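Right after this note come the structures.
Shared between the two complexes below is chain A, which pairs with chain B and chain C, respectively.
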Partner chain A sequence: MQGKRIDNEKIKAALNRFLEKQNHIALGFGKNSIFITHKIYRDHVDDLFLFNPYFSINGATFFYRVFGKDIKALMLLRPCEIRAMVELIKLNQIDPETAIMVSVDCPGAISLKKANADMPHDFFEIKQALDKNNRELRWACRFCREKRAVVGDAGIRIAEDRSMWIFPYSDKGNEFLGLIDEETIEFTGKFILSEGVKTEPFTTDMATFNSDFSKCILCKNCRDMCPVCYCVDCLFAGDEYLPKGDALINKMLRTGTEIFPYGKEIFHMIRMYHVSQTCVGCGACEEACPQEIPLTKYFKGISERLQNLFSYMSGRDIKEVIPYLTIKEDELNDAED
Partner chain B sequence: MRAGIFICHCGHNIKHTVDVRYLSEYFKKIPGVVVSIDYAFVCSEPGQDIIKESIENQKLDRVVIASCTPSLHGDLFRDLLKKSGTNPFYLKRVSIREHCSWVGDDIEANTEKAKRLILSGLYAASHYIPLEEKMVEVNKSALVIGGGVSGLSAALFLARMGIKVYLIEREKELGGHVRLLNKVWPSMRNGKEIIRELIDEIERLDNVEIYTDTIITNFEGFFGNYQVTINNNGQERKFIVGGVVVATGFTPFDPSIKPELHYKKDKRIVTTLDLEKGIEYLELPKKPRVAILHCIGSRDETIGRSYCSRICCINSLKTAEEIKQRYPDSFVESFYMDVRAHPRGGEEYFESLQEKGVLFTRGNVAEIIPTDKNIIIRGEDTLLGEVYEKEFDLVVLSIGMSTAFDSRALGQLLKISLDKDGFFLEAHIKLRPFDTAVKGIFIAGSCSGPKDTEESINHGRASALKLFGMLNLGYAFVEPFISYVDPKRCSGCRQCEEACIAKAIKFDEKLRVVKVEEAACMGCGLCNATCPSSAISLKGYFDSFIADEISGLLEIA
Partner chain C sequence: MTDKTEKAPEVVGFACSYCTFKASEMAGSLRMKYPEKVRVIQVPCSSRVDPAFVIKAIFEGADGVFVSGCHPGDCHFIRGNYFTRRKMAALKEMFKAFSMEGKVKLFWISAAEARKFIEKITNFYNELREEKNAGKKN
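Showing the complex of A and B:
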């Protein structure tokens, strides 16, 4: 494997070189007053953090519907965020020419909901804190399918000897590697992160589903924070599925007593049906839920089971076709029979 | 909504197990229902008059007819609504005969079911919107794909009736496989002569353009306006046609797929098609012993060809006769499963050959062993229950028909379906045997299954006539049940574009939304199901309407 050995400073230097050009921006992690969070740089990178111990929002959500011509955005994000970007590119919500996606090995994260600002920000320190100090690793991270930076245009990987490397996966990645002041050499060592967790196929029943979702208040935050829930106008915005006002009263007069909020089961079911093939299992929905419903368990579990049926993994490769589009004309006849 | 409900007795068909009088009284009380009538035969003249009068007097804007299946009398009632001055798409047909009265004898249960069916029909009809059938102009020209005997017949018939015909052929010469035949059964005329006659007649007409050495590279559009791009010997050409006749024919089965037949390894093993060149080149002894093997490449599950090729039994008989004529002292034995000499005169032909001394042994050959002197054949005679082992000088393989090698690619290009064997599929095996599921595209000849020369000619002529009937009108109506896109909701993800098999969805780069090309849309609803934000709906079939239809079935207890 051919790559470049790097460190934090070299990446920063390369980023600054990248930002010198007009209409070039970079998205990575920076610090707000307290926590490490997403940050967009236009002119100069000062406080870049490659690793973020807190998870709040999936970074792909910010880049939803970017079609601006001549804009180049370089992203240094977690693999789950890059995978969501790849899915959005497949869904034509981002111009593929715009984004240069560099994934970074992920040590896992804790939920920002429960966080104090005392987490370290070095890869090994984060990993140690999560392993030993019994800090609560997020559910989604514990069962993460792909922590390794093997997706996107390039990947920043950590070797067992604590050295940091960057490997190109596409032409755009090679372009960025050209900005790094280092020789391309062969990597022969081992990486610290191995393959993701293999879990049993997810199963559940209606009783558990009902009890888990009984707390739902239909705020629809999970939908808004989901990186692959991309429609400009959601079908739940109308009153066909979630009637309000007169439509609701008319419906109730005809059908009878109903428990409120009305239609939360159908909301989650339809949303699951819509995102299950593209879900990257990042758990942003659960972060957004004010009622602490275990959404990741359902969305990640079901989508991984479904994607496995088609040997598909969302965001793995930009050329892979989303399973429901691989329909063949003969299959229509099968349905008729 | 001012709805009218008309419940048909269908003589005794519905009345004897459904309480129609109770139903008509029940629906009078439902809000929105103005008229509720039951009548002996709603489809009869007086029945139609009742509907017409009710529409005119009561100003009905929804008509629910509870009677037989909607595929029966569909156009009749639609026309009736049109004549009565309402939009024909305000009609809802409810099947209470096939789906209800014919199913069981329990009057109470049947009446309850009919009640729910009619109520759901009424709920659905309440969502109906007036739709317009769009008229499109039809280009009076046709494309005939394949210059075999079937394609030539189709082209000739179309051209004679004044349709501009583009005839394209992949090979360098017209005529297909019939051109290769020395004698065509039953007239025993030379195949080249038959083809020559057809070509001469076509060449006399000035509205046929013939392109040989040509393939189709692109095909899009809709009935009346198909845009075709062809590659004629390296040159690209484009033209617009109203309809298409597909007559791509077949490929003879290649016996070398089965190595145990030793075809092409031993020159004493030949096919019936090889023998059309003549027998002389084989240099047979004066008293040759000839074995004819039936069903090579037909009725054989092991190579995925379970169908009967229909022509090869007659071909074997013809070969046997030819050998007997050339070598009167020869010994000819035919090994068969069944002799299916089904065309007219075939059975008599079979008997005449038995009289001439051709031996018929029932039992397929299990093993062919070529030796220096002769060819040994082993198998089991299923009538006698004995194993035979015989020596021959020549083995003739009676080969069947396989699909044309590029039929799958052509099917994808034209968007027409294939059956499990890879032949083109007709729209209905009995009622629409020449049509495909795509409007204006017809099939002719052995591309839709094995056919002999006579059948292929007739098939070609029939398809030509059906196409002429559609083209000659000069216009066509487009079904109004097509997709439309709400541009406010569309997020431009273009998943529908990939899902659409009719290629009717186009992306607007500027607005970043998709648009439906109305004339090309087949109304299959794939885009509808693909769209996550429900920006696409099928005119006449909204989500809310189907939900209401279901609730109509479930609500009343």
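Showing the complex of A and C:
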């Protein structure tokens, strides 16, 4: 594998060189008053953090609104955020020419809900802190499918001997690597992160679903914070999806004594289906939920199960087509009942 | 004779107007009978059915939903039913994860197969009726 050996300073120098041109911006992690969060760099880079120990919002949720003008943006983000960007490119929400996506190896993160500001920000220190206290790690991170920076245009990876490397995966990645003042050499060592956890196919039943979602207040924050839930005219905007008037009276008279039809199942099940092939399992929905419902368990479980049906993985490769948008003539021959 | 205490299941069906809906019309002109609690909705192509419709139907009171289209390769719009096949296979997998398999069915019924239409739908209806009245004395 051909790559360049780098460190924090060299990345900063390359970013500063990138920002010299007009209409170029860089997106990465920087510090706000307390926590490390997403930051937009325009003229110079000072406090770049490659690793972020807190997960608050998936960056793709906001970054896809940045585009549309004649700009070029370089982003240094987590693999789950880059994967969401790749899915949004496939869904024509981002112009692929404007974004250079560089993924960075992720040591895992803690939820911002349970965060205290004393987390370290070095890869090994974060990993050590998380390993020591396993309870703190987010559910989505514990069962993460791809922590390795193998997605996007280039990837910053950590080797076992604690050295940092950058590898290009596309022409745009090569363009960025050209800005780094270093020789391209062959990498022969081993990486510190191995493949993600393989889990059993997710199974549940409606009783568990109802008890887990009994706390739901239908605020729809999970939809608003989902990076791949991008529709402007959402099916669930307003109350058009709920029965009303004669239809509701008819349902009440017909079904007998029952729980009031809030539409919780309809909302969550339909959303679960709609994001099934594009869900990256980042857990942003769970972060956004004020009632702390274990949403990731359902959305990640169902999406992995449905993606396995078509041997697809969201955000893995920009050339793969989303399964619902393509067909094969000879497949699923047992689909008929 | 249907027992009056027995609960009748409600079935919603989405039928492609080029094949299954024509088959249901043919069944009507041949004086064949199918359970009256089956409500067939005409759609221009089976791929018009967003699985959201199916989920909505099930959580608003239907006991079973079927989606029915032309045999693969016979679609009026060339490739429509291949998309249906992918979407419904995924939806069935999702219902399986929620231990609700059997509530959704996918049929391929051409315009000439009125008898197949009656058989499939009556079987589906009977399955649902047995499930709904399980534990009750007949």
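Everything below uses one rule, namely that the second predicted complex is superposed on the first by the 298 of 337 C-alpha atoms of A that agree within 3 Å, B and C clash if a C-alpha of one lies under 4 Å from a C-alpha of the other, contacts with A are read in each partner's own complex, and residues count from 1 in each chain.
As a working rule, a residue touches a chain if its C-beta (ideal position, glycine included) is under 8 Å from a C-beta of that chain, and two chains touch if they have at least 3 such contacts.
Model, not experiment: these values are computed from the prediction.
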>> For A:Ile34 in the superposed arrangement: first (chain B), second (chain C), both or neither?
In response: neither
>> Which partner chains sit in contact with A:Val197 here, chain B, chain C, both or neither? Use first/second/both/neither.
In response: neither
>> Taking the superposition on A as described, I'd like to know which of chain B and chain C A:Arg254 touches: first, second, both or neither.
In response: both
>> Once chain A of both complexes is superposed, is A:Pro323 in touch with chain B (first), chain C (second), both, or neither?
In response: second
>> By the touch definition at the top of the document, which applies to A:His274: first (chain B), second (chain C), both, or neither?
In response: both
>> Quick check for you: in the superposed arrangement, does A:Leu91 touch first (chain B), second (chain C), both or neither?
In response: first
> Between chain B (first) and chain C (second), which does A:Glu240 come into contact with in this model arrangement: first, second, both, or neither?
Replying inline: first
> In the superposed arrangement, does chain B or chain C reach more residues of chain A?
Replying inline: C
> In the superposed arrangement, which partner chain does A:Cys231 touch: chain B (first), chain C (second), both, or neither?
Replying inline: first
> Touching A:Ile266 in the superposition: chain B (first), chain C (second), both, neither?
Replying inline: second
>> By the touch definition above, which chain A residues appear in both interfaces, chain B in one complex and chain C in the other?
In response: 235, 254-255, 274, 324, 327, 329, 332
> chain B touches which residues of chain A in the complex?
Replying inline: 65, 67, 91-93, 230-235, 238, 240, 254-255, 274, 321-322, 324-325, 327, 329-330, 332-333
> Which chain A residues qualify as touching chain C in the complex?
Replying inline: 201-206, 209, 235, 241, 243, 251, 254-255, 261, 265-266, 269-270, 272-274, 276-277, 301-302, 305-306, 309-310, 323-324, 327-329, 331-332, 335-337
> Can you list the chain B residues touching chain A in their complex?
Replying inline: 412, 415, 417-418, 425, 488-495, 498-499, 501, 512, 524, 526, 530, 532-535, 543-544, 547, 551, 555
> So in the complex, which bits of chain C are touching chain A?
Replying inline: 51-52, 55-56, 59-61, 66, 72-73, 79, 82-83, 85-94, 97-100, 105-108, 120, 124
